[in-house]
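The data blocks that follow each hold one structure.
You will see two complexes here that share chain A, one where it goes with chain B and one where it goes with chain C.
== the complex of A and B ==
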């Protein structure tokens, strides 16, 4: 048992990879003492501080990932209030890794196409919508919707996609990605009735990723 | 240039002003050189000037503490004078650059051209293949950039797909760069050229309308290439080239005819556009299609000459060679 902090009513102790916080408020008469003890696993405590510092919120990441995976579900516009680039970067790395597993070293292409695609979509969305959107938000949405493409490229590790079945699968995945992306953009930017107009450029962008994956 | 009460011009360095002119009436002539009429520029300049004055007074306050009155560059370029010169030049340059940037890189001027509905885009795509009948009065041309830009990007994607399927190797550059360069170069370059010709021929068409017209004319190209990059039949390509390419060309030509007067100008303008549009489709098809045939030939047997498109004097060849070549082209089973 190691005492980390010792004051008259608060003690912080470390024992067996756990932090114990013992709070014993003393009232005036010293007749009744109450104590409260809470213990936290040290790793969880440290990592939660680290993630909070870095701005990584696992719940949000999970929520956004589920939104992408189910393109037919209704989504609300507040989902993209905080720009989060952790998920997108992880998905780009995952795409590059799965391509690597299939024998194609295309990390540079993935980063380059993502950057150019984000820039292009950012300019197009700013021209088409009344609400101003930031480049980080666009990058975040496009990155999250890359997840089905990661699954396509992991499928390509085991089976070649240069067949009719592969092309049909690629077209389905492109449609899935662009539908999710356009759904989130429309919800965030309140552009009702223009979902198809936004889905098409997204489909072109994801089509280039699919070309990388298939060929 | 600043003029003091004696009518003499002085240095442009505000720090030295008080040493030289004693802080008396100074007329700032800089504003009079400004010949711009735009209030936006004036606002920008005023804002810049206010920021600069703040920075300069800050610098003056800092400099006062540091220097002991050594002001006339006792240390030369590295001294106070040199630093101030460099600073002035930098500030002036920064001001000019930010003015130019705010004026020209303002993307909002393109905003009205992207305000479209999906139904409108669909209708315009279908109309681009339907030639208009009336050429006696100017036909309406949609002035939007969303459809044309998406069509150019679609053409890029189709080209990339065709290049990948046929295994094209580009030595000087990248596949993506070539595809983007070709498509955007055609759209922007030919639009500008035809607009220039239209200006010479006194046709009533603006640059935006020309970009829009040519962009929508690429819809036919996209359809033809999408079909023929996947189904390799020469005759099918020629039929589609004539019909679909022809329809979109006739549509564009009819619109231009309706906006031009005079036989010769009409002939020059429409002939040029028709020739460029049809030849571009031929070019796109044959640049990448030939590679497929070349690969098929080399795979099927050795010493086979490349496909002869023009009838030539063929030296004595074996019957086998002729048969294999015919099979590769698909004319004989």
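== the complex of A and C ==
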């Protein structure tokens, strides 16, 4: 047992690879001691500091993923305030990997199309909206909304999509991706009456990904 | 140093009871009421927060690092301004923004107009205090959203059509895209040259002409779609319909802009200059079906 901090009401102890935080407030009137003990596994504590340094905020990542997964729910524009590229990069890699599992080595195409698509959407959004966007924000949103496409391509590993059912499924997934992407863009950039106009180029971009997945 | 103290404590060494009382390795700032007097005096300045690795400590001297950061950001701002100024010389971003100020209702109405312009009454572009209204407010105003989206859709559709016929390869797609682009550039330059030679005083800017030339991509997309769905007959029917509609649309839209001497009743007076302008408008209109056929017939087999 190692004492790391010594003060009259807060004690931090290290024992057996855990950190114990003991808080004993002294109540003047009643002179009763109530204590609260918290223990944290050390690895969790270390990793949480590492993630904070790297700027990876798991709460935000989870929030953004849930926003993507539910395209019909309203969202507010503040979730895209910090540019977060870890999620999108992970999803791109996942898409490439699931395509690889299906026997198609298309990593170059995935990266190239994402880069071109991001650039195109960045130019279009800057021309169409009153608020300036950064390329990182556009890349982040487009990357997050790639998640349903990853699920489509993992489905394509087991069943072939070159049938009516596969094409219908691909169309549904394209619609899902572009609706979420346009919803987030419209909320972040405060554009009114333009959601379908933004959804169309997103649908074109995700359509190219779907072409890669299906054929 | 507090950092080293932290690292030392991570190894699970069982320390003896000598460290229990008054441990100098304080890692957490004591935020209880006031600093207790039992604190060793040298340490309070060095009790850092756990995850707060200050950047300034990487350079030894914080004054130098502040100066370097200020100079670097100043330089970056200057170069960004210079790049923006150069880009604005060739492509004025503000004028371009006018053409993209569209909304969904405008796009739907414009597409319907492109396909069926025969019942539309008022073709004039409305002005508000000397500047034209944005496409949001006026359905007659040209925009660049529809042509650019139609261009990209045309390229993708061409790729799909070739893929269905097993003739797809990325080179063919690139050739298709560059052919279409080159033809539009030729048409815009030709129209600009004609207007310059005839010294027509219009307010048609390059972007306006680009917009009107780009509307033919919508006709191209429809023709290719019908050709894919219904075969060669469907292709020719769609081609005829979209050509007529587009010719009518171009003539009615450009008439107001190119033929400037319009009397108060709206009738165009027939003198020599006006005749040349009329010929220019008709030539532009007649060029549309030719180019639509030229760019799409090889996609339908």
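Here are some notes:
The rule is short, and it goes like this: the second predicted complex is superposed on the first by the 181 of 215 C-alpha atoms of A that agree within 3 Å, B and C clash if a C-alpha of one lies under 4 Å from a C-alpha of the other, contacts with A are read in each partner's own complex, and residues count from 1 in each chain.
By our rule, a contact is a pair of C-beta atoms (placed from the backbone, for glycine too) under 8 Å apart; a residue touches a chain by one contact, two chains touch by 3 or more.
None of the values given here were measured: they were computed from a predicted structure.
When the two structures are aligned on the shared chain, A:127 is found in touch with chain B and with chain C. When the two complexes are overlaid on their common chain A, residue A:42 makes contact with chain C while staying clear of chain B. Of the two partner chains, chain C is the only one touched by A:53; chain B is not. By the touch criterion defined above, A:17 lies against chain C but remains apart from chain B after alignment on the C-alpha atoms of chain A.
Within the superposed three-chain arrangement, the count of touched residues of chain A is higher for C, of the candidates chain B and chain C. Applying the stated contact rule after C-alpha superposition, one finds that A:192 touches chain C and leaves chain B untouched. Once the two complexes are overlaid on the shared chain, A:5 sits against chain C while remaining clear of chain B. Taken together, the two structures place residues 124, 127-128, 193-194, 196-197, 200-201, 204, 207-208, 211, 215 of chain A in contact with chain B in one case and with chain C in the other.
Contacts from chain A toward chain C in the complex involve residues 1-10, 12, 14, 16-17, 42, 49, 52-53, 120, 124, 127-128, 192-197, 200-201, 204, 207-208, 211, 215.
Put simply, chain A touches chain B in their complex at residues 123-124, 126-128, 193-194, 196-197, 200-201, 204, 207-208, 211, 215.
On chain B, the positions that touch chain A within their shared complex are 107, 110-111, 114-118, 121, 146, 150, 153-154, 157, 160-161, 164-165, 176.
On the side of chain C, the complex with chain A involves touching residues 9-10, 12, 14-15, 19-20, 22-23, 25-28, 30-32, 36, 38, 50-51, 53, 93, 96-97, 100-105, 107, 145, 148-149, 152-153, 156, 160, 163.
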